[in-house]
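Okay, so here's the structure we're looking at.
We just call them A, B and C in the order they show up, numbering each chain from 1.
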Amino acid sequence: MQMFNYLLSYLINNVFILMIGMLGVYVLTGLTGMFSMGQAAFMAVGGYTAAMLAKFLHWPLIATLPASVLMGALFGLLIGLPAVRLRRDYVAIVSLGFGEALVAFLNNSASLTGGALGLTDIPKYTNEYIIIGALVLIIAFIWNFKKSRFGRQCIAIKSDELAAASMGINVARVKLLVFVLAGAISALGGCLYVHTTTYLDSSAFGWDQSSMWIIMVFFGGINSLTGSIFAGIILGLIPEILRFSNELRIVIYCLLVLFIVNFRPEGLFGTVEWDMRTIRRGIGKLSGRIKAVRARKDVK
Amino acid sequence: MMLLDIQNLAKSFGGVQAVKNVSLQVDSNRIVTVIGPNGAGKTTIFNLISGIYKADAGSIQFCGKEIVGLPQHEIARMGVSRTFQNIRLFMGLTVLENVMTSLDPAGSYSVFSAMLTLPQKRRQEKENRNLALQALELVGLADYRDEQPKNLSYGLQRRVELARAIANKPKLLLLDEPAAGLNPREVQEFIGMVSSLRERFGFGVLIIEHRMQVVNELSEHIYVVSFGNLLAHGSPYEVRNNPDVIKAYIGEEAKR
Amino acid sequence: MNYYIQLLVNGISTGAVYAIIAVGWALIFSILKFSNFAHGGTMVCSAYAGMLLTRLVGANLPLVLVISALFGGLVNVGVEFISFHRLRQSSKQVLLYFVSSITMGLLLQNIVALKFSGIFYSFPNFFPVRFLNWGGITFDVADITMLCIAAVSIAALVTVLRRTRVGISIRALSMDLGATSLMGVNVNFVVLTTFFVAGALAAIAGVFVGVRTILSPQMGTLYTVKGFMVCVIGGLGSLSGALWAAILLGLVETFLTALIGAGLAPVGTFLFMLVFLILRPQGIAGQFVTDKA
């Protein structure tokens, strides 16, 4: 029971928050096909904004949250503007470079941000309900986004940019929108992260974190939001359940992913989403099978 | 005013002049075909019209407006729809969603509306769903609406592409080798479909084709293109009997 | 004045390390058209292997280089088998290669970290005299040696590519994989050879990084990122581009570090790269390939 409680708390306070950051990668890379390699930097943007506003200006959560989101959106715009004009492969390098540059900057501007030591004693504003609520809300937003004309346009762009443009889709504009959205989402995660752990250090926001998110989105099935959620939970929890050293966890983690790459490249869920229709169909199939088994038993 | 008026179009890639000097016209409610040997520059002409490439010289006027130099999506929104030689359906979207993508750019609800599922979004989604379904019914694919495109046969995929192209009621429809890969029965069905769609919607149709069946039965006017130049144009009868055309396709009698 | 020449020398040395890494990276990109993000992982593995070797054989640079190179080549071949082999047969989706190689790189790096993290390891001193002073400028003998070896390796690579059968096969593969296989070339063999060579180059780079600085498992990520940046600036897939871009980046970084400090240098590098790409999107030597519509 102790273990379960501990795991639950870990799930909510750590995994869920990082999942919010990951969902930024889902929107950018999973839905729209742009390789975002430095997404964790947007979480840093949100986190540092919230931390500084809360610690130095004593703003409450109700204010630091929108401020972080706005900053994330702004940075998304800044990075998106050059990125969407360059070739698709270059989005990767631009986001990567941005991530590295931001981390370097935060590490070195000691007076403002506490440098490599990080800020401490940030007010703890969050509790489990807020975190769960935020995650559920973000998932709902992204779900609706995906089922809207925007989601369809994103998937179209990912699948075939040329054909998408010939349908009248303004590819550059949609990509930019997605950059802004993804930045906002990851920044939100950052704000919650900072207010939960009450200290922050830039090592959580580097390339290792960004790649972890990409792996999660891919593991779940690139198109599938449900997949990303499951992947986030599974890949977030497993290392904690197997309470090994930090490096061994990552090794096991990587082996798991490489296994999936080789034997189920479309990811766990592929393109399947657990929306109402699929769930109903699944239940229908299941009850059909149960009936068939019963019928066979009766005949005997 | 002509629906589509192309004058002296020219385009080269590096050293290769794909289109040298082509003029052609398409009017509303007419079906025009472009034929010619492979490499004649036909698809390039299409790509110039839809804005994938920019013409080096010449003009393309659509409904009286010059469209050379405009970005692809703007040209599409003006009412030009097209299909592709290699089917370009969107993987990851169902058949119905594929068709809806041609209606999406004209949608008016904002991102916030989308994320919060406001009534405006729900209403538009429902409308677009119906419009897309109607388009699918017109090509006979309403039952396949929730399938993944990659699960459909080639012929059915072509029909989905067609539905997608007409769902937003375009003014000009560009079809690039629409009968390629279809068996004779499918070609016949296809001809019937294009004909009835044209009657229903009154758009102008420009087709690139090699299959003589399509060319003969559908075209009201034919343009023959060879090596980037316009060889001849006219009614099917005129073109069939044009000596230059015969020479280009078959060759001429050897001089004794 | 001396100060600037010193910076120049340092910049070129840094650039030389980047060059070895980037050339290996570009080699793989040119034949397989994707970026191998595990490259840094191979490098760090081989570097540590080299270090372990010195415990056995002492400070014998040639031997260490050769054996590390062999080791690196083998590791890279392993990387191909685990990460890319099956993907190449089935899927063409770029994202998959991407994720697979990132994961592989993480794996290699963390395996190293598992055994060696915490303490900083370094190579013994290979050179009896480490620093030479000439005309007021300090030359690091290690750097000079590395420059020579880098030049020799790259020259050897170019010779192999131009003159040998395998080399021609590699170049053919980079232009058209399908046609090359139809010509009777054993594609798998050529791919594995390429990976081996790239791995060997990564290993050499790793040893030199270890000699110039300290060994740390994080090297993997760091040099993966650098290698990618260099290749993009050089023009993806172009070996000569990678070479020039590496030296360029080495110089830029050295000057930036002198200007704004090692901590903030990545910011400057990023801005430099951004501006460069906006002004010349195809990189130094790359070419635009337009989609056939």
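What we mean here is this: a residue touches a chain if its C-beta (ideal position, glycine included) is under 8 Å from a C-beta of that chain, and two chains touch if they have at least 3 such contacts.
What you are looking at is a predicted structure, and each value in this text was computed from that prediction instead of being measured.
Chain A has its Cα centroid nearest to the centroid of all protein Cα atoms in the structure.
Taking the mean Cα position of each chain as its centre, B sits at the greatest distance from chain A. Separation between the centroids of chain B and chain C, computed from CA atoms only, is 48 Å. The centroid of the Cα atoms in chain A and the matching centroid in chain B are 40 Å apart. Averaged Cα coordinates give chain A a centre that lies 31 Å from the centre of chain C.
Residue positions of chain A touching 2 or more other chains, listed in rising order: 162.
For chain B, residues that reach two or more other chains under the stated contact definition are 52, 84. Touching of two or more other chains is recorded for residues 293 of chain C.
Contacts from chain B toward chain A in the complex involve residues 50, 52, 71-73, 76-77, 81-82, 84, 88-93, 97, 100-107, 109, 111, 114-117, 121, 124-125, 128, 146, 148, 164, 168.
Contact residues of chain A toward chain C in the complex are 29, 33, 35, 82, 85-87, 89-90, 92-94, 96-98, 100-101, 103-105, 107-108, 162, 207-208, 211, 214-215, 218, 222, 245, 247-248, 250-251, 254-255, 257-258, 261-263, 265. Here chain A touches chain B in the complex through residues 141-142, 144-145, 147-153, 155-156, 158-160, 162-171, 177, 181, 223, 271, 277, going by the rule given at the top. For chain C in complex with chain A, the touching residues are 82-83, 86-87, 90-91, 93, 95-96, 98-100, 102-104, 106-107, 110-111, 113-114, 117, 221, 225, 228-229, 232, 236, 261, 263-267, 269-271, 273-274, 277-278, 281, 291, 293.
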